[in-house]
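One structure follows; several queries about it will come next.
The chains carry the letters A, B, C, D, E and F, assigned in the order they are written, with residues numbered from 1 in each.
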Amino acid sequence: FQELLSKINTKCFAKCVTKPGTKLDSSEQTCLQRCSDRYQEAWNVVSNTYLRRAQ
Amino acid sequence: FQELLSKINTKCFAKCVTKPGTKLDSSEQTCLQRCSDRYQEAWNVVSNTYLRRAQ
Amino acid sequence: FQELLSKINTKCFAKCVTKPGTKLDSSEQTCLQRCSDRYQEAWNVVSNTYLRRAQ
Amino acid sequence: QRRANFQSTVHQYTDVCWDKCITKIRPAMDKSDEVCLTNCVERFLDSTILLLNSLGQQAGHRK
Amino acid sequence: QRRANFQSTVHQYTDVCWDKCITKIRPAMDKSDEVCLTNCVERFLDSTILLLNSLGQQAGHRK
Amino acid sequence: QRRANFQSTVHQYTDVCWDKCITKIRPAMDKSDEVCLTNCVERFLDSTILLLNSLGQQAGHRK
């Protein structure tokens, strides 16, 4: 879990916060939330594909 | 050896398979083979240069 | 210290030596020196900001 | 131990395939992004097998 | 142990924020580069907290 | 132990110099790619020495 959070944070911060300002504005916050959801879904797709193939 | 394979796979997949399709087509396969050969040669050049300099 | 040196070398070599020649020319050397100074300053800024926030 | 191995493989593959397939953050997962992720994992495994065979053959030739 | 943890965090943040803020090597640290580095660390921490809360809420919903 | 150290250094240098020198996958190793790889390793070592000396001088000045 620790590693997933760290990966999500690194990937999503890179994508969503291109120019860090004095606070996270609302579009950055929305982007981070969505990016986190997409990354978790991607993790599940990868995990399922890998398991199906390994059988 | 495990680490060399993992490096080759990561570097060569990034270079040779830009848009993953339903199978590896022949040009992707040729690119992967060549890339693997070049990477191993590069490893040897780096290793020899480093050893020569270290003496 | 080992890790800081390794980070500085990787980051600054990437930025300052774009086309490696038969020796480090003087502009590359200046760039490496400055880059190393800037990286250490950046490390201090990051460290101070993190500590201030953690309190 | 096996579970830790599996998780670290999935982390690595997600890392590689995320960069290749997800160029834009959408409000919901797009079908084409999902297909790209699936293909990416499958091709990455194919590529591993291809390289393993090729390295094995080279080792055989050297004998 | 705590000191090693702190150092590895600072290494990671410096890595991320250096790439985001320092695009050009100058003869001396520029004020705007320094502001960018400070904001970058602060926003990275905000982002960690946001993601932790969001993952926590999702875990709650699943119960 | 020493061999493991040597191998991990060669892995790191190959990683850095591959990205810098090999922009195109050719049917055979090109002379200019090989020269670039050799120079890259040599300059990377020079750069390490330069930075070590410079950090050493700074430590000296602080005394």
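Quick note on the criterion: a contact is a pair of C-beta atoms (placed from the backbone, for glycine too) under 8 Å apart; a residue touches a chain by one contact, two chains touch by 3 or more.
As the structure is a prediction and not an experimental result, all values here were calculated from the model.
The chains in contact with subunit E and with subunit F alike are C. Relative to subunit A, the most remote chain by averaged C-alpha coordinates is F.
Chain centre most remote from that of subunit E: B (centre = mean of CA atoms). Of the pairs listed in B-D, B-F or A-D, the one whose interface repeats that of C-F, with over half of its contact pairs matching by residue number, is B-D. Spacing of subunit D relative to subunit F, judged by their CA centroids, is 28 angstrom. Between the CA-based centres of subunit C and subunit E the separation comes to 18 Å, rounded to the whole angstrom.
Among the residues of subunit D, those touching two or more other chains are numbered 17, 21, 42. Among the residues of subunit B, those in touch with two or more other chains are 16. Starting at subunit A and stepping first to subunit E, the touching chains follow one another round the ring as A, E, C, F, B, D. If you check the complex, the residues on subunit D that touch subunit A are 7, 9-11, 13-15, 17-18, 21-22, 25-27, 29, 33-34, 37-38, 41-42, 45.
Those residues of subunit F that touch subunit C in the shared complex are 16-17, 20-21, 36, 39-40, 42-44, 46-48, 50-52, 54-55.
Put simply, subunit A touches subunit D in their complex at residues 3-4, 7, 11, 15-16, 31, 34-35, 38-39, 41-43, 45-47, 49-50, 53. Contact residues on subunit C toward subunit F in their complex (touch as defined above): 5, 8-10, 12-14, 16-24, 28-29, 32-33, 36.
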